[in-house]
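The structure under discussion appears below in the form of structure tokens.
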Amino acid sequence: MSNDFTPDEMMTIAASRALKNDDVCFVGIGAPSAACNVARLTHAPEITLIYESGTIGTAPSVLPLSIGDGELCETAVSTVAVPEMFRYWLQGGRVTIGFLGAAQLDKFGNINTTVIGDYDRPKIRLPGGGGAPEIASSSGEIYITMKQTLRGMVDKIDFVTSFGHGTGGDDRQKLGMTTLGPTLLITDLAVWRPDPVTKEFTVVSMHPGVTKDNVQATCGWTVKFADNVEVTPAPSVLELKTLRDLKARTKAAHEAPSASGANA
Amino acid sequence: MAKFLSIRDAVANNLKHGDSVAFEGFTHLIPHAAAHEVIRQGFKDLTVMRMTPDIIYDQLIGMGMVKKMIFSFAGNPGVGLLRRVRDAVENQWPHALEVEEHSHAAMANAYEAGAAGLPCAVFRGYLGAELAKVNANIKSIICPFTGEKLAAVPALRPDVTFIHAQKADRKGNVLIEGILGVQKEAVLAAKRAVITVEEVVDDLDTHTNACILPHWTIAAICVVPGGAHPSYASGYYDRDNVNYIEWDAIAADREKFLAWMDKHVLKAPPEIFAERVRHLRASA
Amino acid sequence: MAKFLSIRDAVANNLKHGDSVAFEGFTHLIPHAAAHEVIRQGFKDLTVMRMTPDIIYDQLIGMGMVKKMIFSFAGNPGVGLLRRVRDAVENQWPHALEVEEHSHAAMANAYEAGAAGLPCAVFRGYLGAELAKVNANIKSIICPFTGEKLAAVPALRPDVTFIHAQKADRKGNVLIEGILGVQKEAVLAAKRAVITVEEVVDDLDTHTNACILPHWTIAAICVVPGGAHPSYASGYYDRDNVNYIEWDAIAADREKFLAWMDKHVLKAPPEIFAERVRHLRASA
Amino acid sequence: MSNDFTPDEMMTIAASRALKNDDVCFVGIGAPSAACNVARLTHAPEITLIYESGTIGTAPSVLPLSIGDGELCETAVSTVAVPEMFRYWLQGGRVTIGFLGAAQLDKFGNINTTVIGDYDRPKIRLPGGGGAPEIASSSGEIYITMKQTLRGMVDKIDFVTSFGHGTGGDDRQKLGMTTLGPTLLITDLAVWRPDPVTKEFTVVSMHPGVTKDNVQATCGWTVKFADNVEVTPAPSVLELKTLRDLKARTKAAHEAPSASGANA
């Protein structure tokens, strides 16, 4: 155990713990990628990590800057074309966990990465859904990880890029989905799981030192807490060292100065 | 039948104002040199498509060449948003940009359908997703055996597809290795395909089931070493990550962007790409 | 997760009476040893499927194990007709055989749809072809964008798929090279896949984009050298063409067929396949 | 020119002459395969031969016994999976010539390779259509080659495996087809082309020494002859030598005695 860690590190490590050795995980870039690789480098060495660039069973030594970095391919069991990735591997039901981030999230796990504001006259045009709409519907279950902010965790998202539990209850089944949808949310403050009936995200565990007020202050909806909110175990020395080594290797690899002159 | 041409001639012979164009690549093998030549030749009213429009789409759009963009994820990969795309969508600068937005699954299936000569792609998608409400090209069909409602989108059939590949043999057969993206489909879906390559070799020296585009599927092949910079070409040079990070600041400001484009694109010859990747070759 | 098993255990653990089964292969890598083990274990009421049912389907059907066959071309490749299949269809010997007949395009698309988790495959096919009149599983859908009528067939989702491949690594990842047929799709479409391989190696020693089935897509792997004989395994041994020619005479006569099956299948161990290809290895 | 040739050889060589250097030809086994490879070894060295096993641009030194022989793959520019073959290459409109044989053929180029007799109670169960139904509809045009017999060239085929011109005229267009369909029939006696309007096969050329009576005697429908029926040029010495060498190499390769014991 270590007491010297950031909320970000706690978030990534808590997320990594949710992954199992036999999971097949479709990995989003950013926090999901770090969590998945920490899992692979600690308790889940055999986990299969898939990036939407077509790399299956990849084991990068540094975190990729993009979903198509060369090392993902070089270390993969196989690299397939993108149409095959979406048809045979995602739509084919081979992915057990889809791991997503979000720009905006609501309490039912619906995600917006499309626009802030109106779709036709957006205040901020975000990158868009990419693979997420079908990751959200075709993966066995969905884990979401994001830092808590009032702008990010909102009562009503501006656009439903990826469907979570809709308005809760059996909304997924009504749309014909047979997958579980969001079953886990890991923020920098807490671990959340959907209520079995309403599907509203409920805090089941808070990270060491975090209070209910902290969680509510950075969340745009009225937070539900479980009857017995646990304390998330602090990162172990191994988890923390693994994550920090990974980040250090990544920083060194990505920030080598450019000498190309094109941007001079 | 593939002709070996300079990138100048290949662009001039195959693209015209108002065409629909794909510059495909999935982080790997982005056809930067081809896009810069298109920008230099000053085409107008293009409909551009790509699953992952990135810097070159920021450049094409910022230079006012694009009427419409069909896409599924518009970002500076690993860095953030595309500033010129945002400026066009949010502020109509330099003019309004029509967007047709899809998911990756839809775009990948739509190129596949284009390559397969079908009018539409059918897949399980857009369940509960709001894009289906803002994009009239997202429809559905009913499976005649199970009654399941499946998503349907029109096939993508660009007038011209540009890609960058590792190498061609002397007959014009082209090899792609590593992260393949949707390039094979984008080439086979297109009316005309223009491919820049790192080199031409006597023998592709590859395996039986490699991703090869036969010469008779290609309109023109252009030898442009470094033509994917700042993206990478597996086996040739690494990704120039810093360049992507620096782009964010360049693209954030209209004047800075225009000055950069003038110096590094409008006044630069295609041969400059070989120079840009020189320092990235050692480690590749 | 792939288990390394003997072919006896792999068949016994994964197949049951009444299952739907694919033994896929396209001239190359036909899973003869797996089919012979299935015959030895005496399964009944199987629904068998394959694009190109050949000698092993003649054998399965002649031995009375098959209720229904789904196929697109039933021939002894390079030789002619399948005598046991004919006897079953024309004379109901040893009993009646239900057939569901498709074109290759339909079967290939149907396996693809199975691998892709879709309920049906959509393609341009069967135009003017009379099969659409005798097969109730050939339907159509209308493209919602162009109004074109396209063919639709149900996805193929076998309970068990058997294939033969060149090699597996020690984790159970399997490599297929050369003529790939529809094996990857047939494996991914199946509930359970059993794969015989020529050998297990430390490292597949292949390229980035090779056709590999990850270990977690496979139920069981069985090392059966020569397991494709008399078909071939690229890189290991050649096709035993004479054996295909000789089969025509064996299968032409019921008694001769039964005697041959008794001697060469029912009373033969799976290990015999290694012996059968010994003389074919030198030139491969 | 040579006078010493068989009708079979004349058929194959006449068929080979119809193929051009820039054709992309989807090759059926048997007579089509021989014709395509003679073309490749004589006047059309750059022709692209595709077999439905997925081999693209293949150049075998012997004729394959099956559509999936190893040499097809070893000599190909690329070998793709079978679903891709049918989707991108055939359905995608990349094939200029589909070259088919037939068990039964009618005068409008409709082909039966399914059953002789009733479909549900067949007299002879033939192998079936394989790739032919879609080769017939998706290839730019169709060449057919077969030996003339009264059993094979019939007034009404028992089953329409592959659609030619239907009942003639614009039947193809009515079905939504944009390809030309059968444009050439080469038998062991003659070269036939469809009438531009009725689409009925019409003899445009007879092989050396063949009479109209010969043609009619082995054809089950009343044969139409063109106003000026030409004489097919006899095989050249090179054509004949190429074909015979190919057949000799093929025979040697395929008839090596089996020593496996399995069929002993």
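Some notes on this structure:
We just call them A, B, C and D in the order they show up, numbering each chain from 1.
The working rule: contacts are C-beta pairs under 8 Å (C-beta built on N, C-alpha and C of every residue); 3 or more make two chains touch, one makes a residue touch a chain.
This one's a predicted model, so the numbers in the text were calculated from it and none came from an experiment.
Traced through touching neighbours, the fewest hops from chain A to chain D number 2.
Identification of common neighbours of chain C and chain D yields B.
For the interfaces A-B and B-D, the C-beta contact count is higher for A-B. Between chain A and chain B the centroid-to-centroid distance comes to 27 Å (mean Cα coordinates, whole Å). Averaged Cα coordinates give chain A a centre that lies 40 Å from the centre of chain C.
Along chain B, residues 112, 116-118, 123-124, 148, 178, 180, 184-185, 208-211, 234 each make contact with two or more other chains. The multi-chain contact residues of chain D, meaning those touching 2 or more other chains, are 73-74, 79-80, 87, 91, 138.
Pairs of chains meeting the touch criterion are A-B, A-C, B-C, B-D, C-D. Those residues of chain B lying in contact with chain A across their complex are 26-28, 51-52, 71-75, 77-79, 81-82, 85-86, 89-90, 101, 103-105, 108-109, 111-112, 123-131, 134, 148-149, 178-182, 184-185, 211, 229-230, 232, 234, 238-244, 246-247, 250, 260, 264, 272, 275-277, 279-280. Residues of chain D touching chain C in their complex: 29, 52-55, 64-70, 72-74, 79-83, 85-87, 90-91, 114, 119-120, 122-134, 136-138, 159-163, 166, 171-172, 175-177, 253-263.
Contact residues on chain B toward chain D in their complex (touch as defined above): 1, 112, 115-118, 173, 184-185, 188, 208-212, 214, 216-217.
The part of chain B that touches chain C in the complex is made up of residues 116-120, 122-124, 137, 139-146, 148, 150, 152, 154, 177-178, 180, 206-211, 234.
Residues 22, 24, 48, 56-57, 73-74, 76-80, 87-88, 91-94, 138 of chain D are the ones touching chain B in the complex.
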